[in-house]
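In the part that follows, the structures are each spelled out as structure tokens.
In the two assemblies presented below, chain A is common to both, partnered first by chain B and then by chain C.
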Partner chain A sequence: MTILETKKLEKHFDGVQAVDNLSIGIEKGEIAGIVGPNGSGKTTLINLLSGTLEIDAGAVIINGVQKFENINPWQISFYGITRTFQDVRLFEQMTVLDNILVVLTERNVFSSLFEKHKEYHLKKAEEVLQKVGLWKKKNQLAINLSYGQRKLLEIARTLAMDAEIYLFDEPFAGLFPEMVKIVSDVVKELKREGKTIILIEHNMELIRKLCDYLFVMDEGKLLAEGKPEKVLAKKEVIEAYLGK
Partner chain B sequence: MEYLIHLAILFSIYAILGISLNLVVGYTGLLSITHAAFYGIGAYATAILLTQSGVGFLLSVILGIILAVLASFLIGAVLSKFDGDYYALGSFGFSVIVFSVFLNWQSLTRGPLGILGISKPELFGIDFSSNFAFLILSLLFLIAIYFVSKFIVNSSFGRVLKAIREDEKAIQVFGYNTLYFKLAVFVMSAAMAAVAGSLFASYITFIDTSTFTLMESIFILTIIILGGLANLHGSILGALFLILLPEILRFVGFPTDIAVQMRQVVYGLILILLMLYRPQGLIGEYKL
Partner chain C sequence: MGIIPQLILNSIIAGAIYSLVAIGFSLIYGATKFFNLAHGVMAAIGGYSVFYFAKTLGWDLWLAVSIGMLLAGLIGYGLDKIIYKPLRKRKASNMVLLVASLGAFTALQAIIAILFTSQFQTISGNIGAQNIYEIFGGVITQTQLIILISAITIMAGLALLLKYTMFGKAIKAISDDEEVSKIVGINTDKIIGYVFFIGSVIAGLAGILVGFDTGIKPTMGLSLLLKGVIASIVGGIGNIYGGVLGAFLLGFVENFGIWKISGEWKDAIAFGLLIVFLIFRPRGIINN
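For the complex of A and B:
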């Protein structure tokens, strides 16, 4: 079943076509990789799917029925979508624990004002922080974490959302091997739980290991798609990465 | 002794203003310079009602709060669409507009002539006309506002405010329509500022527009930047320090009239030095 589909999606910035007539479909429960040279439109696509950028034309369809031509960022969680950012965006001057608890809070102003910090929230925060090995640092300010730990915290924050679709924008970039293993394990576990993951990544070894399906983008267009081994062997894909 | 009580009353009024502004600036990261407008709305509501109708002090405070809530709702609905520098500039614009209304709606506010003869408060049959009694009343209001603010910042709502301050776009993708949170805290803050205005009008017994200028908003901002952003105790400390500052200047040998003039220079210097060496203020938890 196709859980997320884009129909002729378009985005341009001052004449530069960042996403160009892009139509792709992602199956439920699979890990879909998106690769492409820098500037190929991968992060723009994630920003369009998560409402952080306005769509110029085209539409996004969730679960085959829920269609949006534009969406506000705060509405994506209603569609079961969550994301990380290419440049890590944490709540820097808040503790590691609060970075998780805040996304568990009631979304309504009045309810959040009178909400008790339920045992469930603390349990959930502990569970996701244990998963990425940050529970012991729960009282540290996020700003004091190392780069790798910051990436892990951002991933833990998405796990707390219990979403259906996870958009991970270069989650392995700049990580030590030990941390790469933690993130790989998280991604594999999400797949086991039946979640759908869209993964932007430059490390082809990880792409081969993790992804069920692969999309290659170049200059905002879809260059190729299919099983990773086959797609990565295509001449046009090699040329897009290495040049002719 | 009377003078010390006078200073303590002013301290409690400015501590209320500092605490309430800290909710918006320190906790939510929105640089608002329109606080004096809501302080003025509370003051004018009490002044007009106490001098022109038979309404009692408590009802005048409540009506002041309602007016400030309405005004802040309208202003906040526009401001909440902005962030960063745009928010500050927008709040500057509204500050000028509200001041112009105070100045030019002469049939209501008497403009620069001000409103004289505002009566001292009486609550539940208790007379608060002596300075000592008024001090008790203003401290009670300060304590109430401190605990309400503490409840707000320690709630889950308060945590979302801090997340907005840290990265509004990031918290939005987790399902929070930040506009409502920004608007709600702005309205709460304005309601508290109105209480300070009512106390001020009833204590001084005379108000005019000169108290509610942009400079007053900047003075309140200085209180919280000095004491500490995102720290309620910081607002209290900042108010204490800045109310006592003219006395400190006199103590170090400045003549009274020069000490008063020097105040503005020292406020400016304090802001510059804090930005250079301690941007989080004395006991603040957040750097601008």
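For the complex of A and C:
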């Protein structure tokens, strides 16, 4: 079943076509990699899918039924989508624990006025922070974490959201090997749980290891798609990365 | 009565009033990142509501105070919904929002002047303003004592709200990164609306308390706003604890500054403090 689709999606910035007539479909429960040279439109695509950028033309279809010609960022969590950012974005002035608790916050504003946090929230926060090895840092301000720890906290935040679709924008970039393993394990576990993951990554070894399906983008267009081994062996893909 | 204890008391009372304005201003700035100049007029709305309901219509004073605070809150909330939210949706710059808030400020102030004239009015009536107490060698009126107690209660209540409720955490999250807050499912428009309500209620209370202490006039919001903004910048813009610190520092500097000179220098001293901070510590006492 196709859980997420783009139909002739377009986005341009001052004459530069960042995403050009892009139509792709992502199957439920698979890890779909998106690769391409820098500036090929990968992050723009994630920004369009998460409502961070407005769509110029085309549509995004979620679960085969909900069609969006524009997405409001605060709606995406209700449709089971969550994301990380290429440049990590945390709630810097809050503690590690609060960064997670705020995600679990009561959505009804009046209830949230009186609600502190329940046992369930604390348990869930501990579970996701343990998973990324940050539970011991729970009382530290997010701004004081190292780069790698910040990335892990951002991933923990997505886990707390218990989404169906995870958009990970270069989650392994700049991580130490032991942190890469933590993130790989998280991604594999999500797949085991039947979640769908869209992974932007430059590390081809990780792409080969983790992804079920691969999309290659170049200059905003879809250059190739298919099983990673086959796609990465294609001449046009190699040329896009290494030049002719 | 000693001069120093009296100056200290005056400074604390001034700091308490400024902190009420600064808290609301900082709360709104933290969530929206623009200077909401219309915040000042909420104080006048509070003051004039009490004047109208208690003095003109003769309603119960505490009912009038409650209505005044509620009205200020609702108007603040309404401004966000009618003016600021549509502008934010169109991705208007902070400068556009500032100009819009200046327009709202001017319009509301003019409406107050049309309805109640520009004359200075008193609302001190029956809250016991004539009762005077001596504390540590200084003199304080009952009104000023009420100002102090109200300010401390509001500050403590807001601090608890921000620290211990999920609503408070959501406000902090929006202050940190509104876009990410949206992505994690926080309805930022709703929360910002409530922030405007709470901030405006507090500003309305500040106007009512100032009205009890010194009287009201339609332009009272501007001077209060300026002091609140100075306190916020000096304390660390967008941080309510910084706003409180800045407010009390401003109260002390102002009152001790005019110890040996005319009281007319008060505003010059306040802006002098602002300039010193802008040059040497532009991010304020609490450096975010």
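Simple rule for what comes next: the second predicted complex is superposed on the first by the 243 of 244 C-alpha atoms of A that agree within 3 Å, B and C clash if a C-alpha of one lies under 4 Å from a C-alpha of the other, contacts with A are read in each partner's own complex, and residues count from 1 in each chain.
What we mean here is this: a residue touches a chain if its C-beta (ideal position, glycine included) is under 8 Å from a C-beta of that chain, and two chains touch if they have at least 3 such contacts.
Remember, predicted model here, so these are calculated numbers, not experimental data.
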| item | value |
| --- | --- |
| Clash-or-fit label for the pair chain B, chain C on chain A | clash |
| Touching partner for A:Thr82 - first (chain B), second (chain C), both, neither | both |
| Which superposed partner A:Asn63 touches (first chain B, second chain C, both, neither) | neither |
| Touched partner set for A:Val103, first chain B, second chain C, both or neither | both |
| Footprint overlap on chain A, where chain B in one structure and chain C in the other make contact | 50-52, 72-74, 76-78, 82-83, 85, 89-94, 98, 101-103, 105-107, 109, 112-115, 117, 157, 161 |
| In the complex with chain B, residue positions of chain A that touch it | 50-52, 72-78, 82-83, 85, 89-94, 98, 101-103, 105-107, 109, 112-115, 117, 157, 161 |
| Chain A-touching residues of chain B, taken from the complex the two chains share | 152, 155-157, 159-160, 162-163, 165-167, 169-178, 180-181, 184, 285-287 |
| In the complex with chain A, residue positions of chain C that touch it | 161, 164-167, 169-170, 172-173, 175-177, 179-191, 194, 288 |
| Sites on chain A touched by chain C in the complex | 50-52, 72-74, 76-78, 82-83, 85, 89-94, 98, 101-103, 105-107, 109, 112-117, 157, 161 |
